[in-house]
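Structure provided below as structure tokens; questions to follow.
We call the chains A, B, C, D, E and F, going by the order they appear; numbering starts again at 1 in every chain.
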Amino acid sequence: MATVPLIEYGEASPEVRAVYDDIMATRKVDWVNNFWKALANDPPTMRRTWESIKEVMAPGALDPLTKEMMYLAVSATNGCAYCVASHTAGARKAGMTDAMLSELMAVVGMANETNSLANGYQVDIDARFRER
Amino acid sequence: MATVPLIEYGEASPEVRAVYDDIMATRKVDWVNNFWKALANDPPTMRRTWESIKEVMAPGALDPLTKEMMYLAVSATNGCAYCVASHTAGARKAGMTDAMLSELMAVVGMANETNSLANGYQVDIDARFRER
Amino acid sequence: MATVPLIEYGEASPEVRAVYDDIMATRKVDWVNNFWKALANDPPTMRRTWESIKEVMAPGALDPLTKEMMYLAVSATNGCAYCVASHTAGARKAGMTDAMLSELMAVVGMANETNSLANGYQVDIDARFRER
Amino acid sequence: MATVPLIEYGEASPEVRAVYDDIMATRKVDWVNNFWKALANDPPTMRRTWESIKEVMAPGALDPLTKEMMYLAVSATNGCAYCVASHTAGARKAGMTDAMLSELMAVVGMANETNSLANGYQVDIDARFRER
Amino acid sequence: MATVPLIEYGEASPEVRAVYDDIMATRKVDWVNNFWKALANDPPTMRRTWESIKEVMAPGALDPLTKEMMYLAVSATNGCAYCVASHTAGARKAGMTDAMLSELMAVVGMANETNSLANGYQVDIDARFRER
Amino acid sequence: MATVPLIEYGEASPEVRAVYDDIMATRKVDWVNNFWKALANDPPTMRRTWESIKEVMAPGALDPLTKEMMYLAVSATNGCAYCVASHTAGARKAGMTDAMLSELMAVVGMANETNSLANGYQVDIDARFRER
């Protein structure tokens, strides 16, 4: 259970409502997920975080689906249950198929395995990797 | 410095050389990076890890570049210096541009930020995220 | 659900009860939280951990509220749900206001973001930071 | 070694220089640390990250020293060498004494210990911690 | 709740059933745990992961109980609730007593504490540790 | 480079020297590693940490070698370079063979892989694992 109240639209200040409205408009949905209702207890952080996510997740050199899948890969690595749930949903909405999810998780698993092996043996970085 | 000797091709057993040869052939390069030279102290783990990586990183529902970038996203999150160095190089070789690296890291940064916020407020998972 | 039984006061050994009594007396409360009831399965670790926490969290160069907030910042970073719940409560009891919690979490979020960026780009440590 | 070039002031674009100037003016120093020189390869992330840090680390319900120490506590927990070096320096500059650093680290150590114990025994969250 | 369906034996493909059968035969049990029912959505990863675990956890220079306890130590450190639950059960089945679990967790706690202290002070690696 | 001075025996206070003497006597060596020289800046934490480690690492239901290997497994998972170096040396001194190190790391790698898969799919804990 969240350690702060989840602030619903009806009880939100105009500043918070404006962010809620922008979230719904940007995502083309009619609801806001709990992450934002928790952050709404701290309007400056909420606004800043939303503006940052909107900027970061916008299409650019990488498409939105790839970005959502990367977000999910990080969330799985960190073991953040909320983030895995929300970004699995987000990635599916952006077009992630079952096969893509399977491959994504297989990569995440391998990366976590070999990260611990490289750290566990303290492998020296190859000089060639330092060339630019 | 690695906690085990790095085994060079010339001193490797035939079993290890066979894996080295397959790594070089698969990657179309004439050298093997230190990660494998450390794992070569444990040929079964080396062989199994290489076979797994070859299978996981092969093109499928996701292309090799996307997979390399996900590997890098996980490695940055785990703070594995060796893995960041090797997979930045790997992703660049697979076609990652400077702009793609920038966007990848921006996503990694945001994901780590919001993962800690969701965990820090213990936000309840929305019922909608549980629908399949 | 805990992987060991939670040992209640009524069924505890005299050694465990002595620690429970000291926890309640030190905190000026009439109950003991589940963390200690789980550790009570291992009295030496329970006693050692309690003595250490009592020593570490006592007022010193840092006040107890600051220490509780740092404990919460670490717990949020590690994603430990139990620890976030208990140390949010503990910090509130020590005087943490809603505004302080908001700012604490904003710092935790930024720190996790920039930690992953510094690791992700493998930024070289500035010589000036090495001066003492 | 960083995986991207460190961009010095003399070779920076006007957009990047403006951020460098603001960093130096805000901190009242005549140099910029490598973290920003790495991020300068991605001016939008650099600008956004700096604006966010400036907002988050400003005095508020928590003073700047407490915020710097929390940043250090998170960085030590994540094992980010760069971040530990820069935020130890930053906290010292903000007034952290040797005794405060010692107590900070003792809290970080205890928190990481008990986080792993609570996770390791999967301790159930007390109903009382869920009350608001 | 899992983000993918849990595939029961009755609805599984022959390929998946073969792995289920091997899991039950190897473990001498008549059921399969949810981890495999989730992975069954991705048969190649399921098969590869099972073959790898079977190879890694087999008796060798280390006995199966020691390996199960190490698995639990890693899972507690990562805060993976599922893994703690399954490997506590697995280690108990392999012979872990209450006293062994207590000592295991005490070691895990100390290791996480001193890991964060070594990282938090950025302690230099002793030259003697680099000798082989 | 450590963020605090490393305090050598010759410049240490009697309180710190007493701990150094006990470390050397307990380990039957004539030197003290840098971890303790860093902690010596904070004698109470140094003394408390040493007393705790001596208690935790003593033979009990688990032998010292198993405990050292668990310590190493946690350190590899956390990516603590100092701790990997010191506990690889410590485990070797306690009798860890090359084959044991190989198997230990293979377990650590698998555990980190499957931990991220269980988290990444948010697998539900089996009711059977909750039975005691």
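Operating definition for what follows: a residue touches a chain if its C-beta (ideal position, glycine included) is under 8 Å from a C-beta of that chain, and two chains touch if they have at least 3 such contacts.
No experiment lies behind these values; they were computed from the predicted model shown.
J.: Return the chains shared as contacts by chain D and chain E, ordered by label.
T.: A, B, C, F
J.: Residue numbers at the chain C-chain D interface: does the shared fraction exceed half, giving same, or fall under half, giving different?
T.: Comparing the two copies, chain C and chain D contact each other through largely the same residue numbers, since over half are shared.
J.: From the options B-C, A-B or B-D, choose the one that repeats interface D-E, i.e. more than half of its residue-numbered contact pairs are shared.
T.: The chain pair with the recurring interface is B-C.
J.: Tell me, please, which chain's centre (mean of its C-alpha atoms) is farthest from the centre of chain C?
T.: B
J.: If you fit chain C onto chain F using only Cα atoms, how far does it have to rotate, to the nearest 5°?
T.: Going from chain C to chain F via C-alpha fit gives 180 degrees.
J.: Quick check: more C-beta contact pairs at B-C or at B-F?
T.: Looking at contacts between chains, B-C has the larger number.
J.: Hey, how far is the Cα centre of chain A from the one of chain F, in Å?
T.: Taking the mean C-alpha position of each chain, the two centres sit 33 Å apart.
J.: Need the CA-centroid distance for the pair chain E / chain F, whole Å please.
T.: 20
J.: Using mean C-alpha positions as chain centres, tell me how far chain A is from chain C in Å, no decimals.
T.: Once rounded, the distance between the two centres reads 27 Å.
J.: For chain D, write out the residues touching at least two other chains, lowest number first.
T.: In chain D, the residues touching two or more other chains are 1, 3-4, 44-45, 49, 52, 56, 74, 77-81, 84-85, 88, 102-103, 105-106, 108-117, 119, 121-122, 130.
J.: So how do the chains connect up here, line, ring, star, complete, or something else (other)?
T.: complete
J.: Give every residue of chain D touching chain F within the complex, in rising order.
T.: Residues of chain D touching chain F: 79, 84-85, 88, 98, 101-103, 105-106, 109, 116.
J.: Would you mind writing out the residues of chain D in touch with chain E in their complex?
T.: Touch residues, chain D against chain E: 72, 76-77, 79, 81, 84-85, 105, 108-117, 119-122.
J.: For chain A, which residues are in contact with chain C within the complex?
T.: 3-4, 41-42, 44-45, 49, 74, 78-80
J.: Mind pulling up the chain A residues that touch chain B in the complex?
T.: Per the touch definition, chain A meets chain B at residues 1-4, 6, 31, 33-35, 38-39, 45, 49, 52-53, 56-57, 60-62, 66-67, 69-71, 73-75, 77-78, 80-83, 85-89, 97, 99-100, 102-104, 106-115, 117-119, 121-126, 128-130.
J.: State the interface residues of chain B toward chain E in the complex, per the touch definition above.
T.: Where chain B meets chain E, its residues are 1, 3, 5, 44-45, 48, 52, 55-56, 130, 132.
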